[in-house]
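Presented below are the structures under discussion, each in the form of structure tokens.
The two complexes that follow have chain A in common; it is paired with chain B in the first and with chain C in the second.
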Partner chain A sequence: MNKKRMLRAFAAGLIIFAAYLAYLHGSNMSYYASFIVYICLFLIAGQGWNLLGGYIGEISFGHAVFFGIGAYTLALPSGYGIDIPIPVTLVLSMLISGLFALAISYPLLRIRGLNFLVGTFGLGVVFLNVFKSSKQLFANKGVFVPFVSPQVLYPLIVGVTIITVIFVTYLVNSNLGLSFRAVRDVPEAAEMIGINLYKTKTQALVIGAMITSLAGFLYALYSMHVSPNATFDPAISNDILLGSYIGGCGTVLGPVIGGAVIIIIQETARSAITITGGHNLVLGIMLVVVMMTMKEGIWVTIQKLVDKLGKKKGSSSGKKLPKEKTEVIR
Partner chain B sequence: MKDTILQLDNLEMGFGGLKLFSDINISVEKGEILGIIGTNGSGKTTLFNIICGIYTPLSGKVVYKGEDITGIAPHQIARKGIGRCFQMVVPFESMTPLENIKVARANAGKSCKGPEFSIEEILELTNLTDKKDITTNNLSLPDKKNVEIARALACNPEIILFDEVSCGLAGEEIRERMALMKKLAEKGITIIVIEHIMVFIKEICDRVVVLHAGSLIAEGTPDEIIHNEKVIDAYLGGREL
Partner chain C sequence: MNFAGFIQSLLGGIGTGTVYALLGLSCSLILGRLQICSVMHGDLALLAGYLCYQAYTVLHISPFITVIILLPVFFGIGYFIQDVFMKPFMKLETWKGRYQGQVMVSWGLGMSIMALEYIIFSGSYKTLNVPYRNSTIHIGAVTIPVVHIISFALVIGLLIVVEVALKKTSLGIKIRACSDDSVSAKLTGIPYDKICAITFGISSALVAVAGLAYTLMSQLNPSEGFDLTFLGWAAVILGTMGNLKGAVTAGILMGIVQALTIYLWIPNLAIAAIYIVLIIILVVKPRGLFYWKKRERGSAA
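The block that comes next holds the complex of A and B.
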């Protein structure tokens, strides 16, 4: 009964929000609509990155690859004049991305830490260059993607974003999500309770790659044009990673907050600073500030502050240990 | 009648050309509590690491329930029913005790065939019922050790390896753990303990082996070991136990 009501409220909220976006789009404030869309896209991509990067602690610098695979799975058929229904390409992009992640997991997940980071970075560079130079893949000029009406597009983007967050929340609290965290906390002890480290990391990579490809897919639909520089660029990998870092790795709300902060800062700085690339400078400073003042990101810091306040209250009432869960969302 | 559950056969181990021990033969009976004592650095923890598959011995083999498990991946060994508590206390700190138990249950707990305790029983046995929802990194050291024991129990193991669980604990806490281990043994779980505290060994162990200077120098009941000339000489440098 309660669940049903919540679902209905949720659907209603979704429709209202999407309608609002469409309104912004239709009025002369489409700037704000695109603003929110980009936040949604980075938020989705960040959730995908966070499964392996935040929950298992294996930092990938190449998630643009999955973003790009998502975008190009939609764009390439249309570039060749093949008409595939959008729901089909959506499923296809997730499948291809997941399968590709599975294939690269074999060499990549057998190395760890810095080597893994460098390996994924290299992978991203390879993809960028292949797509830039290959005529069959439309090289630098990229591909146009068929128009989708805003009445469909906005609800789709908002809906996928919300479903992603709900799915990830569910996943990280499931037994599989607990296994991810076990591997991050103490790999040796995780093995001692029967966890296969390699397989568990592969699961995180594959599921994360599928989620990240969704962001690429939606990006292609939204921008109506796909090019290597807009999808496979390491700068995209960088932004995906930064979102989680600034917001808080290994938390569901981290990439949500981080994605929003990054896009907002980037866009306001872009219009405020006229020097080329000036907005990147602001982002860099932002990262340094976050890393220096709150190493674990904005969300985790907020959680800790709330915890502290809660504890103070608790002790004044004579309680020794906080009985309630100390983590809000993990 | 003897019912051997775990057998270490002629184990030899070393690191980087330096030999640590050789000729290690130990057979562990089902349901017993076996103590391993030895000086610092004699290789007790290394022995556990070999049993768990973290290290492969230079030669010799580990036989568990009749099966040679030498060189098998650690997670597979865990799934066969060998549980462990580490010397360095390493619970999953970002999780609550309950989650520590759940994740163990969902993994090795599914395939191991040892005596099964319900989650409530495990929390009760390890005194964690009141603290089950507090993130482990906020708990005290004794509680963290309890979380590790709970996690090992949640795997439904047939053997548990305890590496100095009483280290850093006070009298009452040590008593609690001795009682717990006896309880587990009564339930049919085979226990191997590495301990420095002699009272502990004397109270709970059925049998003790002594590792010293690269080999096993004695084996017997706690009483026999305490009065063994070799052990007094080598292990304690002549001091009375």
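The block that comes next holds the complex of A and C.
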């Protein structure tokens, strides 16, 4: 099962990579190239969100904070004229966001549920306003980031996406990932066998924050300019969250599919409804419909449908025993 | 720092805090009591505000009359939302899918309301220009806007009405039973789903009043709805889940924090300061300001 899932993730990564290369080599369609880059970035960030939001079930409304920390760790030194090699800033950004996540886990994760939800939303507001209003952090003007040639950057982004998906697949099937799911599904039993609830949640938050900051870092490299409105905007948190939920949270490929769906739908809605904010109508209705009809997201529903179809074929050829067995296991 | 200015900003803070208190009151009723998680309350409040605005500018109806008309309408909307969209998730346990699902569904609904407001009323800021909007009362060196007094009276009045109704009426007793122990409540024959829907309706009606208070004090913009919801939730958490008086007190405290930040520190960080204070308080008291370990069950009704 593990190998199968790994293979699936790898195949998905390869497909994205192939599609991307096809577009890049096809013609001067830079629009589609940037489109795929955005999908990749949201995908990485969504994987980071999914560790805590999907596997443990604590919804975060403020993952843009970690996204922004990743972007600003790269941008601030270059804004002040300090030259730090890019790999060092990469490690630094992951470290800083991890430590920050550790710090906020104490007030927000000790009690189940709402503290974390409201607290993360609040942190998003705090960071956006602090970065917007302080001149030491370059306020609304933003910072320019050192240039990296696209020949290096594009493969880097796609490569990091694939590595992230594989890493998360591995993590989720490891002992730690199993304890995540135990904390979500049967917290009492998990506590009984010696899983520390608060510690497990904190681990998920810290690892997720590091992955999300990676997305922010790559975004800064890609856009070459970092500003509060582009990195700490609540819209980013919302998109990360929506992608994971619509795709199916608590699965590896859910955020992958959800992120792509969200970005494509948002772009088409934006071009179709020209009134400011009108595109939210499409998103909102889609969210309601998805949540009402398939509570576990698109990907899980598709998986179940495929399973059902497979079973029907199996039963028609006379294999009745295995069918009942699988049902019991599920 | 002059003393009169400090008192002035303090009173102003209490005035703006009443909006958060009203939001907190309505959120506390469903979120703290029945653990129905809806993030659309801010959008509902804005919707009520826009309807008041439209009624006043087009038909010249006083916003207070509009709100009295809106109370049953919003009760109906709330009942409908709970009955259709939130009920499927009520079977699940609170932290195992119920709150996630309800947050998502209500978020989608709130987003749709926001988008409709954008489409109908456009994204520009709207101001409800009632004649008494800028009139004030002078007490010594301090001036108090009439709007703040109205809003404060509304909060206290509604708090008393809701508290008494929860304690004395049979509906209130049923709501308390459902919130304390839903299984036993169902066993004694209380229609749990119906009570939940009614409570959601009451909470929606209360949020219409919050929308009126908000409209009288600040400008309307569709994007504010989501922020308003979270300010209401912050009041609920700060004042301990399920404690109505606590939510109202916390809402007013948040207003004071906001006003003092504007007066003493950086005006741009007014809303941010509320959340900073919230997180600092959660470090010390993770269950909110009004939580004591030996609190009897239901004593904060």
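In the analysis below, the second predicted complex is superposed on the first by the 287 of 330 C-alpha atoms of A that agree within 3 Å, B and C clash if a C-alpha of one lies under 4 Å from a C-alpha of the other, contacts with A are read in each partner's own complex, and residues count from 1 in each chain.
The rule is simple: contacts are C-beta pairs under 8 Å (C-beta built on N, C-alpha and C of every residue); 3 or more make two chains touch, one makes a residue touch a chain.
Not measured: the values here are computed from a predicted model.
Once chain A of one complex is fitted onto chain A of the other, the partner contacts of A:185 extend to both chain B and chain C.
By the document's definition of touching, of the two partners only chain B reaches A:194; chain C does not.
In the overlay built on the shared chain, the residue A:175 is in contact with chain B alone; chain C does not reach it. Once the two structures are overlaid, the count of chain A residues touched is higher for C than for its counterpart among chain B and chain C. Once chain A of one complex is fitted onto chain A of the other, the partner contacts of A:270 are absent, as it touches neither chain B nor chain C.
Of the two partner chains, neither chain B nor chain C is touched by A:225.
Of the residues of chain A, those at positions 184-185 touch chain B in one of the two structures and chain C in the other.
The touching residues of chain A, counted against chain B in their complex, run 175, 178-179, 181-182, 184-186, 188-197, 250, 321-327, 330.
Residues 57, 59, 61, 104, 106-108, 110-115, 117-119, 121-123, 125-126, 129-130, 132-133, 184-185, 187, 234, 245, 249, 273, 275-288, 291-292, 295 of chain A touch chain C in their complex. Of all residues in chain C, only 31, 37, 85, 88-89, 94-97, 99-101, 103-105, 107-116, 118-119, 122-123, 222-223, 226-227, 230, 233-234, 236-237, 241, 266, 268-269, 271-272, 274-276, 278-280, 282-283, 286-287 touch chain A in the complex they form. Note for the complex: chain B touches chain A at residues 52, 54, 73-76, 78-79, 83-84, 86, 90-96, 99, 102-104, 106-112, 130-131, 133-135, 138, 148, 151-152, 154-155.
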